[in-house]
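Common to both upcoming complexes is chain A, partnered first by chain B, then by chain C.
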Partner chain A sequence: MALTAEIYQAFEDVVGQRNISQDKGVLESYRCITSQSSAHYGPFDHKTPLPQAVIMPGSTEEVQKIIKLCNKYKIQFKASTTFWSAMGFIGSENAIQLDMRRMKGIEIDEKNMIAVVEPYAIGAVVQVEAMKVGLNCNIPGVGCSSSVVASTAGWVGFGPTSISMGVAGENMLGAEWVLPDGEVLRTGSLGAGAGWFNGEGPGPSTRSVLRGFQGTTGTMGVCTKVAIRLHPWPGPTCIPTRGQTPAYKASLPDNFKCYTLCYPSWEAWAKGAAMLHEAEIVYLGHRQFNMFGRDIKAAMLRILNDPNGQLADLEPLLQDPELKKQNELMKMDIQVVLAGMTARDIAYKEKVLDRILELCGGWKSEMMLEKDMQDYVLLYLLRLGHKNLNYTLCGSYEGNYGLSSNVFVATAVIEEASELKDKWAKTHTTIADTGGDSDMGSLSIIGGGGAMGWEFFVNFDAYDKASIQGTNDFIDETQKWMTSKGLGVDMGRWNQDIRRKDGLNFTQEEHDAMYVNAAQPLVFAYQWKVREAVNPNHLGGSYYRTLTPSKIGLA
Partner chain B sequence: MNATLNQLAGIVGQAGVSTTPESLAAYASDSSFATPMKPAAVVKVQSAEQVEALVKWANQTQTPLVPVSSGAPHYKGDTVAEMPGSVIVDLSGMKKILNINRQQRMAVVEPGVTYGELQAALAKEGMCLSMPLAPRATKSVAASVLDLEPRLNALHQWNYTEPLRCTEVTWGDGNRMFTGEAGAGPRDLEKQWAAQKWQVSPTGPNMLDFYRLLTASQGTMGIVTWVSLRCELLPQVERTYLVPAAKLEDVNEFAYKTLRVRFSDGLFVMNGAALASLMGGNAEEVKTLKAELPTYVAVVNVVGRELLPEERVQAQEQDIAEIAQACGLQLLPSVPGLRAEQVRAKAFEPSQVPFWKETAKGAFQDIFFTTTLNRTPEFIEAVQKQAIAAGYPVEDIGVYIQPINMGVGCHCEFTLPYNAACAKESARAKKLFVDISETISSMGAYFSRPHGIWARLQLNKDAQSTIALKKVKGIFDPNGILNPGKLSV
Partner chain C sequence: MALQDFRPMQERCSNCLNCRWVPFDKLKSERFGENCPSIAYNNFMTYSARGRFQLGQTILDGDADYTETITELVHDCMACGSCDVTCKVCRYNLEPLEHNIELKVDAVEKGKTLPAQAGIMAALKQEQTMIPGSKKAQRLDWAKGIQVKDLFKDKAEVAFYPGCKYSYDPKLQKVAQAALKLLIDAGADVGIMGNADACCGGRALQMGFRAEFTERAEANIKAFNTAGVKVIVTPCSDCYHALKRQYAKLGLAIEVLHTVEYLERLIEEGKLTFTKSVNMTVTYHDPCHLGRLGEPFVPWDGTEKKIMNQVHTWSPKRPRYNGAYGIYDAPRNVLAAIPGLRLVEMDRIREYAWCCGAGGGCSQTLPEYSAWTASERITEANTTGAEAMVTACPWCEANFMGAVDEHGKSIQVFDIIELVQQAL
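Right after this comes the complex of A and B.
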């Protein structure tokens, strides 16, 4: 259903000829294959529909005009910015895709630790600007080349620094938002012209409509600017680096320390994690390199630190007895960064860390104490600029299990989960065999500690049908295990309810059938009501989860 | 009327319904300038089931409900009905501490639990809850966190809404649910606890932030029957310091620099008048202290909790002293007339009776809003000018500046003490309150918690937010039965 010439012209009149396209080649590049994106829902080989046009607005005013036209002609729309997600693509054949890359402004209020950013201000650039004035921002696990606004408006947004800085939603201050009906909402103090510092109120916060636990995945209009809270950066105005690509290393002063903490058991690990939550000494905490798999992580780190290293070096490295020993010692590990605000502060934090290790019977990995290794990991984690490595093993991955909850609950079942994965990898060739435990993720998905944000990496080949099928079968099996343990939905299936296997939106009837049996269906009935109030023409697609109220006897 | 009372008695039992002149009078007015209005009845509820039944009944009968959780005295006008025939829903009898979990540092409490009660119970488990500045003894913890009363320690606010996490709410339409993480599981706390779920994360549970519709809502959206709270480990070592300053700009600079590096566990600024009324036991003492105290004082608390507590305090106190020095100030254990430890004992604990703000002159009126620290001097100047013009004694005006949300903003509060027994003084204070509110609003003071006349001032500035708010209200309280008249233009 192509746009009529008249409608296309109306859009073109808003953004100009250079910023709109109907070219088949361009449109094709805005279709998503989920295997290239950590989307947690499979089936990994379908494509989203072809948009009717791709439009790149350059201002809030242009966005507003586009949305008004969409309402006039009843065309669905979705804004995306850095396109790492599978949620950012349309789910209807009558839809346009907004690409927000022209809006990339950043303004920093150093004194009050606030950055006001437009969608295409990516984490890397916001961080660079913030560091110039001694500040830093939370970069979610998706990495520094993703949009700060996208994580704040669209998805969850936790990462290694969330323990000390909070997740995207916690950092969200005032926001400027073009609602699905084309009106512009400015939340909190911003709407009153009092600045960006407070995103709440007046009275009840209308920002509730813009994001809850997660953002609204582009279904509730377009966020054009958001103010985020920045955090202290006790380092130089830019991170000095040395070394050769891809193994750059950070050369930071002594008040930064980077350790891989190791524990003798998961009980000890959990105790240590809880103490780290409570002690408020870590700047950053992430179990990162285990994503390569328990059996091969030390070897992978060696390869990555060698400018000439290649995956082909893996086999010989795995035979190296010293490396084997080091690998074994960091079986149950986590990376942490301490950042001392002063000399006294770092001395105190180091002491507490040592005390925690002592109390839990833990140790610091020796291999990871090598200067170059420490500095590599430091840059990796502070910057999160190596997301390509998520894909190195087989070209694609999905996160599964997702035991993102209470530290003590998750760690109690982690070996069993690992065994299940190991068994599957050994008996099926469809997912990479990296040694069972490939669990990775953030020390906390909430500021100050609480639940962890974990996932097992399942590496597969997106260009191999059998591998795709095998990954799906594997996740079906782990879901069964999760269900039997009362652990909820497997992360590989988290988003299955928001777009159909054919890439199109679910119908309301289909959604009703899913949510009527939710633990508290009222949640989805209210979301239905909110959608009716804010998005009367249903132009956002089915990523917004709704239940027709009458299905549970409500008016 | 009798039929109504019978219906109410059917819901909460005969003993729960009261229409005696004394009980109605107790809720007919408060210590603010809100217009008095006698309610039709006072209903004391004991459970969420009763609340749900009551709200359903109110929808059928179009009866306005005014939820109240704290005990008297009330100061903000938000618990005085604005509609005739209103029924007061008194939740102060729901006093159960439902759960305390040391492992997750969480507590779940009913609305009637006060700070004193909760802190005592938490201390037994080695924990405490972050405090707002010396709340009155009868203040409900749930009501306090729902109204986003600023906390003394901005650095434990990973969110403006800390330490509030999950809730159980009956919305204005009579539907009851759990919000936040708790909303994703069965609506049964026992079952959630059995599954090791401790109501930790406040957001969602899905794409809508339900709990943020309850914050600062003055009971207009739903009635909350429990809240979960993020607690802290009990300090093992605790030291407090005072940083006196002649100029607010200096002390602000000190606050910026200290919070910027995440030092301190509680930091706020007061002028001499505010500090004197916090510390003075009676009017005379307040007067004497006020004369003695510095123009501004920053109060800085440093604690050590479980691991190496003394080391933490020692490292921070030295660093903070250096920050003070860099601002041309001093970190001191006392100032003439006052030791820092005494201030801590008052500021971080519930107030004695009478409430400390009443000590100076009996009555008082607060004006509070949010802004950023760097803007506070201009607001103070404007308030002082206005007071002078009105013939109000400027030196009596209390100033309390509380950094919030890790320091990106601050709560700025002016307290105008007056003698309520003197009609002239009362009238002057009332007029000054209105005039100051209007002036600072026009300067960009943000009334994020818009009590009383501030709702009009604030909502009139932002048509889109007001429209959005009305839409949301229409969903959760379609018949407008919850505290009607509040938060409207």
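Right after this comes the complex of A and C.
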């Protein structure tokens, strides 16, 4: 159903002719082909619906006017910023897509160690601007191309630095929201007219309502500005780099150390991780390169470090006995970065790290101590600018055995999860066969440590229908196994269930049927109440999961 | 390749949209972080390389047509290749630039062109130049008064090939003259193509007119082969890319050098020495077609091969054009050899340099957008505090000459050859 000329004109009057389009070719590029691109977060092989128009607001006032028009004409809307996440695309045929690209302001408040950012200020630009004054920001594991506002207000937001800096939600201070009814809400100290510095009182604190742990995926209005906490950066004002594309390397002073820690068993690994949580010495921690697969990670690192390297080099490299040995030595590994605020500080942190390794029987990977390799990994992890390597093997991947949990719970069955995947890859050609364990995740998904984020990468070819279907089947298989282990819903399945297989929103009846028997139905009933209060016309779409309270006997 | 041959790439693009930014490892500021003029100017995602992949699919599926908006969008790509470099920081099996051009070819084949392109292509057909209004008969006027061999009649080792812009633009002809004199003074056995001198056609390919490009390329290859030269030297970066990368695909086997490479060799061999100081702080603009697109063509005939069930590789190993081996150091080495000259770098340089705005024919077809793109670069240049911007391509120079930065301030623009000349 196309917008009437009158409605289109009303939107155009708000943003101007250059910032709105209903050209079919333009609109088509605002559909998410879920198996193909942001694969992550399927469902597989479907497109999200075609928006009625794409609109690019340039200010909070414009956003407010657009939302008021949406309410007037009962049109759904969804704001998205970088569009990497499939959650950012609409789920209704009667919806417009807001592309927040034109709002990209950044203000760094060095004294208060905060940044006030608009949606299109991506992690990379906030980081480079913050580093100029000795500060840094948490960049989620998705990488520095992601929007700070989207990660903070919209969707998840944990990453390698969360161990020392906290996750996006924890870093969120004041925020400015245009609510789904068109009202503007300013939270925290901002709401009390006292500036951006604090997320909780003296003004309203609605962080848990509008953001929660995972974020409200654009269903609770549009966040137009947010203040985030910045953290000390004991490095140069601009990370000096060397090397040829794509094998760029950081040349940082001695107060930065980058190690790949290896352990003889998963028990030792978990103990090591828990000790790292306790010791508070780590600037950044992530199991990164295992995402390529346990059997090929050393070879992949060699390829990535060589400007002439290519995937075609994999086969010969895998025959190299020395590389095989190095690969075997880092079977159960994790990458960490230490950053010393002073010479004494880095010496202390190194000493503690060595002691932890000693207590757990762990070691530092030799191959990863090579200068060029260390500097490549250091740059990779500090900037998180190569995140599209997630897709490099086959063009697409989906996460299986996705879990946010205590380290001891996840590691207890990781070898079983690995065998499950290995067996599947050996008996089905639909997913890449790179060695079972392809787990990747952050050392902590909450500031200071505690829980970890896990995900096995299942690489598949988005151009090959059999590969897409086979991956879907494997995710089903994983879910069966996880259910049998009492591990709950696989992250991949959970994320795919955000919309129907035809790419459209769920109806309330469908949501009710899905969540009435959930482990914690009260959560969804609570969300129903939040939605009714904040979003009475249901214009945000159904990515926010709700359960009609009467279905579980509540008023 | 036709558009449908790009289907696997279209479907394997991972929507990361890194193609909108300089390589993140090289990002130095918020202000100068974007790399793609097309999306930076137009904002809709469709203008990015990713958007073009998705648009390509849509067109193949018949889900959208070449409306006026889409026709302009397709031709709005500057063919600068910046998206190609950033995409390949992580991906080994996508060719965004080739796809962007293929989309233009598809549009052209369906008669979906921009109004200004008709005049440009008519000039190419009738006068063998892509500068409308210029006449074949006046092509060699720039060389009047210079004693040089005519390769149409005489033999020489080196062919000096200035290209249309240096040949016809009255403001730039002096650069072609200076370059040729430098070669002659350095003792090179050099000539010009005489009556066989004609447009390289490179910009026709950048605009999606592949058939017209191929026709010109075949004629020029024949002419170079007949002349029997060993080396072709050109001061134009567009010509350089056309001859070195594109003609090589069609069989040109003669060595191709940009003037900066030739000058660098002369300096290294002691055949070019400087006697005067040029007291100036300059910044250097890497032309796209000399820098990231200046890598040599490597023949390859192979197919995709999946290993480990689904991992994409090529058999045999496929050459990879990602800007790693473009011509970046030669111009900087020439500048460094000039006494008194100081070079300060902009934020976006080498393989991730911002386009001047003339690429893809846009300075002729979409002048407002092209001027904005140039203005962005001048703003960046002025931020360095340099007194002048130096470059090595007439299309860049011409586009910068008339442009001003975001505060309305211009900058002096020099071809590297002019500075070399000043220092002699």
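The definition used in the following text is that the second predicted complex is superposed on the first by the 543 of 555 C-alpha atoms of A that agree within 3 Å, B and C clash if a C-alpha of one lies under 4 Å from a C-alpha of the other, contacts with A are read in each partner's own complex, and residues count from 1 in each chain.
One rule holds for everything that comes next: a residue touches a chain if its C-beta (ideal position, glycine included) is under 8 Å from a C-beta of that chain, and two chains touch if they have at least 3 such contacts.
Bear in mind the structure is a predicted one, so any value in this text is a computation, not a measurement.
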* So, A:Cys394: does it touch chain B (first), chain C (second), both, or neither? -> second
* Who does A:Val26 touch here: chain B (first), chain C (second), both, or neither? -> second
* To do: May I ask you to decide whether A:Lys351 touches chain B, chain C, both, or neither, giving the answer as first, second, both or neither?
  => first
* Contacts of A:Arg302 with chain B and chain C, given as first, second, both or neither -> neither
* Identify the partner contact of A:Arg287: answer first if only chain B is touched, second if only chain C is, both if each is, neither if none is. => neither
* Given the complex with chain C, which residues does chain A contribute to the contact? -> 18-19, 21, 23-26, 28-33, 36-39, 54, 56, 82-84, 99, 101-102, 104, 106, 121-122, 124-125, 128-129, 143-145, 238-239, 241, 244-246, 248, 250, 296, 307-308, 310-315, 379, 383-396, 425, 429-434, 459-464, 467
* Could you please specify the touching residues of chain A with respect to chain B in the complex? => 111-114, 134, 166, 169-170, 173, 179, 183-189, 191-195, 197-209, 211-217, 220, 229, 231-232, 234, 274-275, 278-279, 341-342, 344-345, 347-348, 351-352, 355-356, 405-406, 408-409, 445-448, 450-451, 486, 519-520, 522-524, 526-527, 529-530, 533-534, 544-545, 554
* Structure fact -> Contacts from chain B onto chain A in the complex sit at residues 103-105, 148, 156, 158-161, 173, 175, 177-178, 181, 183-187, 195-198, 200-201, 203-218, 220-221, 230, 233, 256, 260-263, 305-308, 311-312, 315-316, 318-319, 370-374, 405-409, 444-450, 455, 458-459, 461-462, 464-465, 467-469, 471-476, 487
* Structure fact -> Seen from chain C, its contact residues with chain A in the complex are 7-8, 11-18, 21, 23-30, 33, 42-46, 50-51, 54-55, 58-59, 63-67, 69-70, 73, 85, 87-93, 305-318, 320, 322-324, 351
